[in-house]
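This is the structure I want to talk about, given as structure tokens.
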Amino acid sequence: MSLTFSLAHLMGGIILLCAFLQLSQRRLAAMITLYQLEALILSVAALWQGYAQHEMALYLTGLITFALKAVLLPWGLREIVLRFNMVRAVETAMPMALSMILGLALIGVAVLVVLPTTMRSISLTREDLAIALSVVLLGLLLMIVRRNALAQIIGFLSMENGLVLAAVGMPGMPFVAEFSVALLVLLAFLVVGVFLLRIREHFDTLDLSGLEEIERRGR
Amino acid sequence: MNFALFAIGLPFVAAALLGLAGTPRQGAIGNAVASLALFGLTLAVFWGHSAGLVAVDPLAALFGTVSGFVGLTAALVNIGYVSADTARMPAQRWRLYHALFQIVLGTTLLGLYADNVGLLWAAMEGGTIAMTLGVSLYRTPTGLEAAWKYFILGGVGIGLALFGTMLVYLAAQPALGPGFAAMSFTALSAHAAHMDGALLTLAFVFILFGYGTKAALVPLHGWLPDAYAEGPAPLTTALSGLLINVALLAILRFRHLMQANAAAGGSAMPPGPFLLSLGLASLFLAAFSFSRRRDARRFFGFSSIEQSGISAFAFGIGGPVAIFGGLLHMVLHTLLKSGLFLALIRAASLRGSASPGNYGFSHLRGLLQANKKVGWLLGACIFALTGLPPSGLFASEFIIISQTIKKNPYMSLPLGLGLLLCAVAISRNIGPLLFAPASYEKPKPAGRDAWLVGLHLVLVFVVAFAMPGPLVNLLSHAAETLQ
Amino acid sequence: MFGLPGQGMHLHLDALSLLFGCILLPQVVAAAVAGMRASVAFWVFVLGMALALLAGDQFTLIFGFELMSAASWLLVLQGDRKPATLYAGIAIFSGACLIPALFLPASSLAFVLIALGAGAKAGLAPLHSWLPRAHPAPPAGVSALMSGGMVKVALYVLIRYAFINLASAQQPWWGEALVAAGALSVLIGALRAVLEVELKTALACSTVEHVGLIAVGLGLALYAKASGDAALAGVALQAALLCAVAHGLFKPLLFIGAGEVKHATGTTSLNWLGGLMRGMPRLGALMLLGLVGMGALPLGPGFAPEFLLFHAVIGAAATGGILARIGFSALLAVLGIGAALALAAAVRIIGLGFLGRPRSLHAAAAEDLRRGPLVAMVLLGALNVPVALVPGLLLQLMSPVILLLAPQAHTLPLTYAPLTLLILAGFAALAAGFVQTRWGVRGLQEAPAWNGGFGRPPAWLPFGDPHTQVSATGFAEPVMRVMGKGLLGVSKTDPAERFLFVPLFRVQTRLVRLAERVRRATIRERLAFVFTVLVVFLLVLGLGEGG
Amino acid sequence: MLIITLTVLATALHIGLCFAGAPLLLGLVNKLRAWLLGRRGPPLTQPYWHLVKLLRKSTLVPDTATDLFTFWPLGAFLAVTVATMLIPGFATGLLTAPAADYITVIGLFALARTATMLGGLETGFGFGGAGAAREALFGLFAEGALLVLLLAFALLAHSTSLDGIAATFRTAHIGISVSLGFALAAMLTVALTETGRIPTDNPSGHLELAMVHEAMVLEYSGRLLALLDYAGMLRLVAWMNLIGTIFLPFGMARAADILSWPGGLALWVVKLLVMAAVLSVFEVSRAKMRVFRVPEFLGAALLLGMLASVFLFVAARIGA
């Protein structure tokens, strides 16, 4: 049992680390790599939990996660990067250092919030919950501090990883697979959305500063 | 038998059919037929009994019926809209449009009828996706941009909601243990007392933010005005109010869990302050955003923000009567706002086309010259939004304010101020819209479906001031159980 | 059943509502006859007022009150779009003040809210400046009903709550505050009534003045009730109620007349009227009757209330300390000046509108009353006569109301006897007539008047050069020079607007700019909003539960 | 029965004397003024002949006037007449006493002023309008001052009816108090304005730009002018009666007992003579003031009136 937990912690820690490192990356390629790693660990965690709890659903989740998030999505994202040649650094909305400090602060917040909760008889310990919450918040932060649509998507993806991380920890929670699948549909939509935006010869870049049409018209 | 399942299933089937075949006009007619059947089913739900994942309580049934009605009238007006606007989109995209129309209805009903937090969440996500597609349907730059906002904000909201849902499940563990039971509203509210209060509070914050995004509470409202303004009118405006209701009801139910836990001495925080702050924020932001709007649909988008803020405020005040007021406000506002948008579509098509971008106030002003009937109907709808009698909203707002004074007198001050500002800002537009001297045009026919708007208005008035006894009992009982 | 879900709607009638109903009825009939018969909004308006008067519970009261506001707003909107928004704002403001007040327990706060809400709707200073803008806007019949009726309904709410529902918590300062507001309204209203050039606007300003008079009476009555002065309470209430009755009769008369002037000449600006008595003798006679009331002249309907009010103030001054003495003597001076101003305003309207030479061809070619308005005005005029000649009788009829409002109040018989004065005047007239016929020369011969040495007017000015006779502005100039500059400033803007509304609008624009900034936020910024608030909530949570 | 007859008789006597004597009083004042100016002056009966002459002359109506032209002089005349009947002269307790409320009297004077103003606006030429405007201006402060004064009297006499005031002031020994001094000054100021004497208006001056009362009656002639002039004379009597009743109530007769009449009558005549003398001295010694100084003049009167009532309070406190 302790092995279960320690391993779960370890993976959770690595995921959190990836999420945190994404903040520090200037280049999309690196972010995608980190995301891929994150997803990989996540699928492993899901499988491990499935093994620990003897849950078929969790095995399923792990496989889906691996197939889609660790393989398919990164590939797709890289495709976009190459296609629009956004290999060079994307501009950040706030200084790296500041964003990382904020990230640390957020982890603090997460811990502070989870602290008072009393986890009786649940395999998911409060540390795991804290980690999941931090990953979610870091993902949100990433969406805010990057000006680039793709970076925002990556942020969203890592946030969603946090969700799945929390989900897999829950004993016998139904719908986990369904949740992640449903989320994936949404993600697919996000990617498609980027394509839509790109296909229209309206925005010559995915830099969102070019995306304030309505505001400029001031309706 | 369980009509609810049929009611949920029908739209998806219809969506599949409409998405596959049919000219725009056929699609519109099929749409109307399906909506009519759906409305019948939502009525039947009252008499059917249901259990399991889809267990309908009277409140859900009521809102289901309201949604069915709104869907029906929207579909009827939709016929005229489509046949007037056919040329603007290729046929297959019209098919997509009709499919989306039904999907939105279906997800709405699923979200209302589901007795399971997971299903509710899934429904919300489905609705989000459908609406997103709907907003970007016309492929205009601004439309794409609005859709993009909807993607990002709605996606984040959905994510937070999911996290909150899982936390609720987690919080229910001590009481209900693993399994489906820990996700069913009935079971949860039965065992609310034994749930993990702290975790529940945390969960509520995420739920509030997740579903608050769908309910367009400030500061989560960013997507709404643009989404309203850019999509095809019958879909993104007349129907989107329904999803707002689903979100508000979800918030109300989770709030009830928290309240019950706190009341039973659990460690949950009272949910009031969160709701009150978001509600007031919505009220005031709307109040000050009205005055510079040039596009009517954006304008009324902000009014939707205001109204859901009011309902959230009422839920924050708490107590059976205030919640009664909040629910009544939701029902009335749904009927009124959808009627208003139908009138708006009519008005815009009087001035040429009802496609996005033709809803500028400067474009619509002086309506009485174009058509007296439509002009007065639209004016009446807008006026009803201000909450002055004989508008039905007066009743609900009266209840809410009076309860606020009884429960929390100091909150009544900002509430009154906000309502005052909003009402003034809204009433300012009526004068130019109706009476302004427009360049001469000869009166045009109102269109066969203008009476639907009148029907909406009458319903609003009747429900507010001559509410039949059973409905009163239904609502007050629901408020009792959800307080 | 109709009404609030699950509770319905309760009506209830007592002496007070009956009295105000009686005040309302003739105006409604008159306005309907004068041409509002066909308008739906008008009848909704009437329905709202009736509901407010007959209300038996808070919901019905507010419902009727706001229904009245809403319908009148629509009517104002149809007349003139500009003041409509301000009017809606005031109407909703009064609603927003009243609703809390109705639910609060009897307390000073409740009274303040009631006074603010009802006062704003009644046009009591300092919340009066909307009234001279909004009341002239709609068609004459509605203006009449707004000035004569709606204002009374607002006062009715004030009376019912200040005297009956909140009686348990009453304080002396309630009365004093009401008196102060009333005095202010009297001064500003009467002064503006003299200065305004538009006929209807001047009438609306005089409405502000009369509301002020009623408020002073009510305030004195409250003060007396609180200090247990039975006689004072009686006379003050008599003054207030009689003033309400009289004003409810002659003001609609005047407004309908003003509407007819507009119809006949196409303008209501006194600077373009003149000599109407020649073209419209019947209208002139009826207007004269109404203006005698407005100017509070003896033998007119307006004098008895002023008479009682002065008595009340004198009675109040006899009680209380040195400050009260100074205050009440100042109040008396203000009322006196106000009465004289109202008189000047009435003289100005008659003298410049109906006497002298026409100032425009429209005025010269004016034709007399149409049938409907004539009937309406005759009805109101006929009802004015008993108020003017037998006020004592009316006061006796009102005594139940007074006892309802102030149970311990006892009332004295009126010492102003218009009939006696009439008889005396009759004797004198007979004597004068006798002398004339005995020694005088009969007959009148027309002769051109000496035009002060001005040159002969051009042929296309049949009534001579309008500029050689005093204009409305010119007539008001001395008053403007002596009092206006001091009270209103050179620009003649109402102090309430300068010190109340303008700053408010400034704040509003600033906040609108802020909201626009929020709306302009990019997606990232919007996400940032969400994120920040989320983190704040989480922190609150963590600290709240951790601590 | 006897009392009633006596009261009726006294009232008739009062009215008759006032009406008959009004021109004489004016003649007296003019005579005195002339003497003080070192002229011989017109005969005392001159005003009577003036009235008769006007009655004999034919009456002109300007072609620009409306039908109400003849109505205003009558109105002004009737108002002043009624006021004169109400204000007690040589005796208290007249038949008209119950109706003789101070405020009613003020109202009647206002009514007279209004009728005159409208008469001035009637013809629609410059001077009448200017005169009416100025009269309206003067009216503002005059009424304010009169009401404030009333407060002082009412506080002393606990009554607002002239009769009551006179009765109280005669019997109760109020003595010469500061407040009454103020009140008297204020009262005189208002009286001068109301009766159109120097310094606010010049009854004998006919310079168009300066005149107020004359400007309003400029277009009247014949019997209408006679009415107006006679109303002016009555106004003078009425005001002197008013001042006499309030400030010199001593020795007034009681209408009920006939024995007190002779004394009362004699004293009344003396009072009128004294007041006429004072008036003419004052008029001769002062010059007419600019129109826009008059409001200040009356404003001072208003303040004096307020001071009077305030001082009353102080006096009541210190027991004086």
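The chains carry the letters A, B, C and D, assigned in the order they are written, with residues numbered from 1 in each.
The criterion applied here is as follows: a contact is a pair of C-beta atoms (placed from the backbone, for glycine too) under 8 Å apart; a residue touches a chain by one contact, two chains touch by 3 or more.
According to UniProt, the chain labels map to these proteins: A = Hydrogenase 4 membrane component (E); B = NADH dehydrogenase; D = Formate hydrogenlyase subunit 4.
Keep in mind that this is a model prediction, so the values were computed, not measured.
Farthest chain from chain D (centres taken as the mean of C-alpha atoms): A.
Located most centrally within the structure is C, per distance between chain CA means and the overall CA mean. Chain B and chain D have centres, each the mean of its CA atoms, that are 78 Å apart. Computed centre separation for the pair chain A/chain D is 99 angstrom, with centres defined by C-alpha atoms.
Taking each chain's centre as the average of its CA atoms, chain A and chain C sit 68 Å apart. Taking each chain's centre as the average of its CA atoms, chain A and chain B sit 31 Å apart.
For chain B, the set of residues touching two or more other chains reads 148, 152, 156, 160, 198, 202, 267.
Looking at chain C, one finds that residues 519, 521, 523, 527, 530, 534, 538, 541, 545 touch two or more other chains. Residues of chain A found to touch two or more other chains are 113, 116, 140, 143, 152, 211-212. Pairs of chains in mutual contact: A-B, A-C, B-C, C-D.
Considering their complex, residues 113-114, 116-118, 120-122, 124, 129, 132-133, 136, 140, 143, 149, 152, 156, 159-160, 162-163, 166-167, 170-175, 178-179, 182-183, 185-186, 189-190, 193, 196-197, 200, 202, 211-214, 217, 219 of chain A touch chain B. Residues 118, 121-122, 125, 128-129, 132, 136, 139, 141-142, 144-148, 151-152, 155-156, 158-160, 162-163, 166, 169-170, 173-174, 178-180, 183, 196, 198-199, 202, 226, 229, 267, 293-295, 298 of chain B touch chain A in their complex. The residues of chain B lying in touch with chain C in their complex are 148-149, 152-153, 156, 160, 198, 201-202, 205, 208-209, 213, 219-220, 222, 225, 267, 269, 274, 285, 288-289, 291-292, 324, 328, 383, 386, 388-390, 394-395, 398-399, 401-402, 405-406, 409, 412-413, 416-417, 419-420, 423-424, 427-428, 430-432, 435-436, 464-467, 471-472, 475-476. Across the complex, chain A meets chain C through its residues 93, 106, 109-110, 112-113, 115-116, 137, 140-141, 143-144, 147, 152, 208-209, 211-212, 215, 218.
Across the interface of their complex, chain A is touched by residues 519-524, 527-528, 530-531, 534-535, 538-539, 541-543, 545-546 of chain C.
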